[in-house]
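The structures considered in this document are given below.
One chain, chain A, links the two complexes that follow: it is found with chain B in the first and with chain C in the second.
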Partner chain A sequence: MGTHNHTTHNFNEQFEFSGKAKTWSLVAMLIGIVAIAYGFLIDSSEHHSERTFANLLLMGYYFTCICAAGAFFLALQFVAQAGWSAGLLRIPQAFAKVLPVAAFILILIIIAGLFSHNLYHHWHLEGISDEKHANFDPIVAEKSSFLNAPFFLLRQVVFLSIYSIFAVLLTRYSNAEDKLGGLANYNKSIKVATIFLVIFGFTQPIWSFDTIMSIEAHWFSTMFGWYNFAALWVSGLCAITLTIILLKKSGHLTWVNENHLHDLGKFIFAFSIFWTYVWFSQFLLIWYANIPEETVYFYKRWEDEYKFWFWLNIVINFLAPVLILMTRDAKRQTNTLMFVCILLLCGHWLDYYMMIMPGSLEEHRDFGITEIGIAIGFVGLFTFLMLTKLASKPLVPQNHPLLEESLHHQI
Partner chain B sequence: MSAHNESILREPLITGENITYSKITDDVLVPVENKPNKAWWIGFTVAALFALLWVVSVGYTFYVGIGAWGLNKTVGWAWDITGFVWWVGIGHAGTLISAVLLLFRQNWRNSINRSAEAMTIFAVICAATYVVSHMGRPWLAYWPLPLPNQFGSLWVNFNSPLVWDVFAISTYFSVSLVFWYTGLLPDIATIRDRAAGVRKKIYTILSFGWAGSVKNWQRFEAVSLILAGISTPLVLSVHTIVSMDFATSLEPGWHTTIFPPYFVAGAIFSGFAMVQTLLLVVRKVMNFENYITMFHIESMNKIIIVTGSIVGVAYLTELFIAWYSGVEYEQYAFLNRVSGPYWWAYWSMMTCNVISPQLFWFKKIRTSITASWILSIVVNIGMWFERFVIIVTSLHRDYLPSSWVMFYPSIVDVCVFLGSIGLFFTLFLLFLRVLPAIAIAEVKLLLKSASDQVKQKQIAEGHVKKEEGEAYQESLTKYDSVDYLKV
Partner chain C sequence: MSNTKYILGHFADPDDMMHGIEKLQENNISIYDAYTPMPIHGIEAKLGYKRSRLPIAAFCFGITGTCAGFSMIYYMLVYDWPMNIGGKPAFAMPNFVPICFELTVLFAAFGMMACFMYANHFFPGRAPRVMDLRASNDRFVLAIDAKTNPYPEKIVDLLNEAGAVEILHNERKYVSYE
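This part shows the complex of A and B:
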């Protein structure tokens, strides 16, 4: 590889968000709005508003997770003193910058769904912890000191605000570094990244117990938090890689080459296996012990409405990346890697679908305009916000002290 | 690997002045090529006596049966399985350092991987001794193997995680051994080339005809990477399966889905602690300060905080979900752990594994050799308590209150455990005498890119930014192997 790598690149290059990318992301957002309107107003089936809310929760959560994965990626690079990734940090930074918006939208969806009884009605129902009431549920009543609307919302707001603050802080130091150079901002980033990782590590399991596991409030699994983390991390890596590939295809990021993609591909490969490991451990232990209050979760997913999707989830998120990305060449070929990223991003949509729908819509689950439209809408929203943020700064943190290592990265 | 573009911000992996390739060889081979000193003999004698204690106590167990242990009808599994899991856990760091850190291109692994892998192998041997002594009838030790019924044993129960354990651990042991030995080949050849007489003959056989040719090296690199790829999932699988020995059951406190990754994190945690315990002594006694530097010690301490905290998250998750589940048996199991008659074991575990490693957040503590050594022992103790807590506190109060009992270890239990530690140290001390404790060839790879002398030269010649050069010099203040005032 050229040791004079830096001479051929324009480090002041800035991404300009316009043209097709802008048009299409706006069109996608429009499709999303139409789909939401369709779900609430036009669709006349019995469960149409629950279904729309379930999809909003799915995409709101997915959107927040992808942005949080950007912040997590960023923090990890600083704490591990990683050099290879210095040249591509602006992409996860753009993700992290969108986190406050994503968190805000997710909280809105949760509040609206909770109080309109379209989401979390398994534990949020009048008289559910009142012994004399017809809705009384002794199991939920026991945990109502944790699962009650004010405390639940407080946790959501506190966790998501902390994540957002740290995400923004991490990017702010990098911007200051662009102007000032030196090591001060790099060192500060390491500190903030460490604090963020500790807070995120200790709270993320509770956040996923709340947001997703409590949809089926009777059911519990200690693994659920890490299972959601695995999904967050794999899909986040795929989104970062896909963004890089698309930017490269449009002539940007000339300093990011097949070596960097190879490393990202290895991460995707490894953490897809990790996701499967966590998924399988949870499944195997519940299946093996065969305790009714635990197996009920998989019974629902074993019904005719879900069985096919249940297995497809494993095929897409495990078999596909393992078989396709096994070889070195596959990870270095842009188009192969791009295909896997898109596949896994769809795959983890299905993964979240399998976590959310059996508990909320049960046998009335569906797949149609509402699902596809809302998903497209959020993709458009994410793309629009993320690319707007990306366009505000040069595409490389040119004063990053380890940038030289990234430019000469070769494996 | 962007070796020649390594940032000056990266701390040196080799310190000292006038280090050359031949000096590395000389330094590392001092204990192998010379007669052992007094310290070694004292250590070896003590360790061997304890190993003898192991022979006696296990022999006694075989003679009278496992009734010699403190087990009773409620607690049918205690120190034996605790010791087994403890050793298997310790046996995790070696392959983690070798394989996972290789995949992550962490060059600092090069000077600690050899000892860590040796430690792995000896720890797994200790674990295996527990399996055999568990059986009570060691002459039937082949029963867990799937041999045809005509042979005399029954076809094994493939649904049992204990059988999975046999496969997982024996596979792990074989691959770790091959990995370790492959890495040793160039170094054994180095010893061979310098030896004479019978020693030369022995090392010639052991070196498998290593010639140091380009082809040799090329294959060496390729096989290292392949073995790293194979052993990474294996490292994860071993403790996953060990955790399933418990988690597949219906026992409150054992059956919980987080067990597999939580056990793996705990194993890495205890493995690194043991590496730290051993290497801090080895580097001092054998004068390896220039090769196992403060950066290595600090990095290992950081891994100890991370894995200790992951384990902490798992402890808290278990507690929380036990309450959240609404299952009264589960709730009681945890209430009993925290505040029952074994509260002291639970809180020892919490203090040693989660709270005290947090001291490593202070740079002063994680760069202090004494503090690191003491805390590494504390972690080892804590991880023993973790297994004891999981195993005994879950069993001793079962579904039938009339059968609730306490567990008291017999003297044989204690002797088997102490003896296994003796066995471990005997093997490790022998290893230090006959094989290089640091991977000579791999450390040499770093001399031209990551050593202090190269970095000082870069600074002196003005190749680095002033501020970064100063940051580098400042990072050296914590090194006990660098005379900071001189530079």
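This part shows the complex of A and C:
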């Protein structure tokens, strides 16, 4: 127990990405490709390509958010100079390393969707800000100095490249630390992490305004950025925790014990409540003020098509983690925590679904091969890339100055 | 028969004290309590302490707060004096939520505080009960009940062996009233 724990660990241990994990992630990617092909080519319903694009945007955004959450987790640990997490930093690092790829895929989806008019057609339409044109929309015209295709794409590229550069920098310092030791890289990481957090804090809301909120360009909410951040952070924490649990179950990460999982569980518990807090703050203000241009957002989500999913969203993302993870024992039991992680990862898929679908497909939304297949495909892609990156370095940052504290972490 | 009620072993180092606990436990000597100037990881498990029930109390107080908040607003806004606010029905749930939430937090916080104070005998004007004053300064103290444990010489030997720097034979349980 605690300070008297002197078990020896193999710190040179490296994850080997092969066997079942590799096969299944490749199979999942194949399913994804088949689903995309089905959505574009075989599905003959009227809105099939729009539906496929909406799903691609959903999963592309989710994928990027999870990787960005890895970078955010790293930055947070450095800025707080946290010791407890030193032993598990390689997992968020693997997430952060995938961020450039995820960002690239998201930008590709956005560009293709934007110019094929499958996404963002509420504000990206010929003559939408031209008074004489049939497509003229006075509300969008007012916003068009900000919400126009070149500036929109420029923002996407700039934000996502900045996040990617910082994510890669943070992992690079950690790798240099492995080779050289000493405090130089740790101090550099703190500095870079601080700058990243400031930039991320200010630009992430704008990024989510652009990517998700602009699907319904007439509507706006200043809470939307934080709401998306909460979803990003909870789902990122769940993905990190789930990866750690699965690695532990396959016999890796012996130095990560139930105390570390307890802390991650607390994070998930607390930020699920934070998610609800922000969700409800947005809802309460709009409900109370009752201004038509604001209530339209919830009006759509309150119709028969979406009502069930609207409530299910709250049950999965708020009630379930609060009730299941409340006790100390639940956070320390690997299987309970794993169940909640999987539940919340599905829950935040539904959360994003509720953000995207009512604005893009409206009453033509569906749930079938396209949705499930594309989701599985992106999970496979993420698993494949993340585990490849994870396998390239030892599973622990050996020369992290606070590693000893992490090994003796006890709560 | 001596009048010693408690034998106190003073240690200058927490590791020595942990070692002392092990030694005493190996010899079936029950430890009344350990006092340290700082928290020591793993000591509760070693002494076999049960987990605090404070979280359960917090949950109960929290639920009480939710119910109190809900009934209060229900009485005010629905039963006693319904008002038309922005055309909303009198019994409109969303605006109950913030108040219920705040009262949950308030009740849980105050309730936990009160429970903690009660369990530890902290009241205004109450002299704190301390078995050894140096335990809040520079000494790690193990207290052994001399009435229930026989062979005091053996206890002293074991404490000395573990590296105790001072051993006291107290005839009173608490020293802080003096």
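By our rule, the second predicted complex is superposed on the first by the 405 of 411 C-alpha atoms of A that agree within 3 Å, B and C clash if a C-alpha of one lies under 4 Å from a C-alpha of the other, contacts with A are read in each partner's own complex, and residues count from 1 in each chain.
The rule we apply is simple: a contact is a pair of C-beta atoms (placed from the backbone, for glycine too) under 8 Å apart; a residue touches a chain by one contact, two chains touch by 3 or more.
For clarity, every value in this text was computed on a predicted model and none was experimentally measured.
Does the chain A-based superposition show chain B and chain C clashing or fitting?
With chain A as the common anchor, chain B and chain C collide in the superposed model.
Could you figure out whether chain B or chain C reaches more residues of chain A?
B
Classify the contacts of A:T327 with the two partner chains as first (chain B alone), second (chain C alone), both, or neither.
Touch partner of A:T327: chain C, not chain B.
For A:Y288, select first, second, both or neither according to whether it touches chain B, chain C, the two together, or no partner.
A:Y288: touches chain B and chain C.
So, does A:W302 touch the first partner chain B, the second partner chain C, both, or neither?
neither
Once chain A of both complexes is superposed, is A:H408 in touch with chain B (first), chain C (second), both, or neither?
Touch status of A:H408: both partners.
Which partner does A:F151 contact after superposing on A: first (chain B), second (chain C), both, neither?
In the superposed model, A:F151 contacts neither chain B nor chain C.
Pick one for A:W311: touches chain B only (first), chain C only (second), both, or neither.
neither
Which partner chains sit in contact with A:V278 here, chain B, chain C, both or neither? Use first/second/both/neither.
In the superposition, A:V278 contacts chain B only.
Shared contact residues on chain A for chain B and chain C?
Residues 3, 284, 288, 408, 410 of chain A touch both chain B and chain C.
Across the complex, what residues on chain C touch chain A?
Touching chain A: residues 15, 18, 40-43, 45-46, 51, 55, 59, 86-88, 94-95, 97-98 of chain C.
Under the stated contact criterion, what part of chain A meets chain C in this complex?
Spelled out, the residues of chain A in touch with chain C are 1-4, 280, 283-284, 287-288, 290, 326-328, 408, 410.
In the complex, go through chain A and note every residue touching chain B.
Counting only chain A, the residues touching chain B are 3, 81, 83-84, 139, 142-143, 146, 182-183, 198, 201-202, 205-206, 209, 218, 220-226, 266, 273, 277-278, 281-282, 284-286, 288-289, 291, 293, 401-402, 404-405, 407-411.
Touching residues of chain B toward chain A in the complex: what are they?
Contact set of chain B toward chain A: 1-2, 5-7, 9-10, 103, 105, 233, 236, 240, 244, 247-250, 255-261, 309-310, 312-314, 316-318, 320-321, 323-327, 467-468, 471.
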